[in-house]
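Below are two complexes that have subunit A in common, paired first with subunit B and then with subunit C.
Right after this comes the complex of A and B.
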């Protein structure tokens, strides 16, 4: 017990830990394998990696198991682990145009360059709770697997092995809008060094790279809340937004080979990417064109990437006039928020006794006057 | 196959294949007596920098857990970096890289392993696309 003005309790703390550890590891069910979580609870594992700011599916699954399924606590464990590791290198700047899509939809445009590819999603499926037992669910899944297998064979026979690059790495809608001169051009040529939020806290006014990095690591629920409050809530910043790109896919991890000096791709990470098209209507804005916000985060987490893209452009347009940037930078980190919240459970006996004494003194003063 | 491509494929090769080949190479006296671990396997992170498309600005997406190692065989250096925390496999990959630079005969074996890896990746990607293509959609607009 290291909290101010209280100590002791070691035996009780150890007993409490034993209760958690016994049920978490033993219980009446089987050991929860990391592979099982990566396969079957993939969105939870992805969320933990995103909010932990660290890509490693096995470590994230271990964290989720240790945290008994609490994603914020799991992200906390991952960040703690991260703090023990050296940073060996920076990747070469990975161009997001190199993303190989597993899913790609363009809600704004019916016929974008490249395919509208639903990928692995239940976006268009009714939200009905499946209460069937394991045998029934397995039978149904096996039928679906057989259907996929049958159709894969057919498509193979028709089209061979062709997989053109423009299908897996389609041109983005933003490029088309640029061709049509329908979007303001904010491309920079000075290539500023990115802000490192793991070394310095980002505070307003911050660079865009600090905001993007903060949101990429933000807690999903917090980011969605800031977005929702911004677009519909008391902030009153009502704006017309349409999603350009929503992508889930693989990005290469490219580092410089120390013996050749050339970039080599050593791995991939999965990311979710979103472009949000904003209708500019301000008096000081180019009302004949759109602007675009950008969101990118580890794993498959569309809620987070959509909120991020919307908040990126909202922040850009806000130009520090409201507290939006401050909200993003200071209140969306899961570790910050939950750390402060959790600490409230620690003994506050001394501070509260002091408050009680003050109340008593005030009451006595009121009674005497 | 150039050295960069070899490193990319050693980074993605199956763990069991890499360690089995490294064990086989180490059983040769010429390798076992000449090997020097320059940098033992180290687990760390690489910070992923991305360049976004709106302003063409770089930002930090997050860090990726990797393991790297460096091995020399008769003074010829080999390097490997793989995602994850598997020290043994990364050391094996660095050893194969050094052996491939050091010995033409061993280079052919390493190249064969790399080609199998490239074939496996290509087959996985083809299969992946064959499954995904059924989800390509063209929604109709209502009048």
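Right after this comes the complex of A and C.
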């Protein structure tokens, strides 16, 4: 004991930590406020909450600041923080029909039941970089803020409070398709407990809830990549789905009060929800009907929810014939993949010594024969 | 003890400033008690069924997955207030990741640390087993990057589960046979596949073959933790651990004829090479177990002082 510090390992680590801590706060700019990140870097904060599997905008913003903007590192901070806390309660099941939409589009029909509500999106906006100098951008932003201040109705509409509920809680396209008898009905009545991926490792063959939970927490880029690889060919051949619903909105969360036993709404979370319509064409499938894949994740993250919905139905149809389920369950977690990749930086001189020894053994055998 | 380090752990795991949940009190061993209990139950199963990979709900740790998160979860789940911890990486107590893991364990428990196995009860390691003989007092916790020994011969996890369940290791034997036929020697380096208790084949983490015989009928408990892959397995004391090899092909450990440690002159420890700047420049060898090397050197210099340091 005491010998430890003599070699300098700890000192070097502490010096590295001081460097990180110092450089994070030095510089000309102001302290980066959590509120600023929550408001101005909304999508980054949402992504961290989704991949961290924890809904808390302030913690996510803190993590993002501590991680210097690296979303996977920030998700790691959230999840390892979560590991230190006991799990005290479960929410009651959430009914996604209670979603109050901030945005809702239905690409499958021109005029679906309910609104096509574009909401806050840059989908139809030219991706033109604002090259004005920062002062002009700031002035323009302040002008706009002042304008909005005077036009309260617009501001409220963005919040989703000013309109009747039926517009903000539109009927699902899936309900219409069911009325038309155009989709196979896979609804089950036995209501099994969902698979908890934070308490049990999900391995193939897994339940649908295990796959959905894994994808909901997956790293966005990884999920998009699994989808794209399967669309493009190297890993299989996925059908491109038609989107039935793309929704972003607020969903109330309810727990049973420990004393009164009554359900209590404790919060609402923003989620992105997607229903993907699949054209069934397999020899063993009901080819006169469609099927539906489902995606839902924390925050506003349409790429992820769409990939999830398409992979959900693809996995269902695959029925374990390919490696698709294993890919989804085992390769999409951001912490797993990046942690293991980065572990290559650790010293490996014992294993390498063993490899060198075997290389010499092979060469010696080659020379003797 | 170690309040500044404890504060560092808190700082690292608890985003502070304006968040409402900034009043974290770190639990003994960092993990909450429910998680520790769950991990301990998995360990008990692993001990009861030697070599069987027990699935567990691996938690996200303050170290990245692939950096000893599985070993750390085992250590934190079983550590008690009277333990003394030693952590090595490549045999070295001062490897940077060993230092980081050790201070996480120490700062979240307040237990003392040591570099000598003699003084330790809990030894967490990456890639090595200490040279000193370990016994009933010791629990060796090995960090496992890839717990599945059969992955090289089968990728489908459903099939892997079947192979283990039926003890169907035929393809592993075939791959070893093909290796021998193609290369003249079995080219497996570290993590050599071993049959445990005559039943399950395990990956011996990437410990070198040098260390494999010391798992066989050992006096200590060896626990293997794979955090990323969410598996725990065990070799209990006095359990058979037999490297897979053929009757006429002896199991070979790493040996370099003529090599000895430049620091302590040992020829009887696992040596790693310190290369010269060029191929002709010689280079030399040193013990990978740095603490054993130090004591060995002192023993040679001052024989009267005995083994203890």
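One rule holds for everything that comes next: the second predicted complex is superposed on the first by the 337 of 369 C-alpha atoms of A that agree within 3 Å, B and C clash if a C-alpha of one lies under 4 Å from a C-alpha of the other, contacts with A are read in each partner's own complex, and residues count from 1 in each chain.
Rule of thumb we're sticking to: contacts are C-beta pairs under 8 Å (C-beta built on N, C-alpha and C of every residue); 3 or more make two chains touch, one makes a residue touch a chain.
Predicted, not measured: the structure shown is a model, and the values here were computed from it.
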A:342 in the overlay: touching subunit B, subunit C, both, or neither? Say first, second, both or neither.
second
Could you say whether A:94 touches subunit B, subunit C, both of them, or neither, answering first, second, both or neither?
first
Partner chain(s) touched by A:58 [first = subunit B, second = subunit C, both, neither]
both
Looking at the overlay, what does A:80 touch: subunit B (first), subunit C (second), both, or neither?
second
Looking at A:233, would you say it contacts subunit B, subunit C, both, or neither? Reply first, second, both or neither.
neither
Applying the document's definition of touch, where does A:27 land relative to subunit B and subunit C: first, second, both, or neither?
neither
Of the two partner chains, subunit B (first) and subunit C (second), which one does A:282 touch, if any: first, second, both, or neither?
neither
Which residues of subunit A are in contact with subunit B in one complex and with subunit C in the other?
56, 58-59, 82, 85-87, 196, 198
Quick check on the complex: what are the subunit B residues that touch subunit A?
3-4, 7-8, 11-12, 42-66, 68, 70, 77, 79, 81-85, 125-139, 141
Inside the complex, what are the residues of subunit A that reach subunit C?
1, 3-4, 7-10, 12-13, 17, 33-35, 56, 58-59, 62-63, 65-66, 76-77, 79-87, 196, 198-201, 203-205, 320, 323, 326, 330, 335-336, 338-343, 346-351, 353-358, 360-362, 365-366, 369
Residue ranges of subunit C in contact with subunit A within the complex:
8, 13-21, 24, 26-27, 30-35, 38, 55-62, 64-67, 69, 89-100, 102-103, 112-115, 119, 126-128, 145, 155-158, 161, 183-185, 187-190, 206-210, 228-231, 252, 254-256, 270-273, 288, 291, 294
Residue numbers on subunit A that touch subunit B, as the complex places them:
49-50, 53-56, 58-59, 82, 85-97, 102-103, 110-111, 115-121, 148, 151-152, 155-156, 161, 163, 167-168, 172, 174, 186-189, 191-198, 208-209, 212-213, 216-217, 251, 253, 255, 257-260, 262-267, 269, 271, 275, 292-294, 296-298, 312
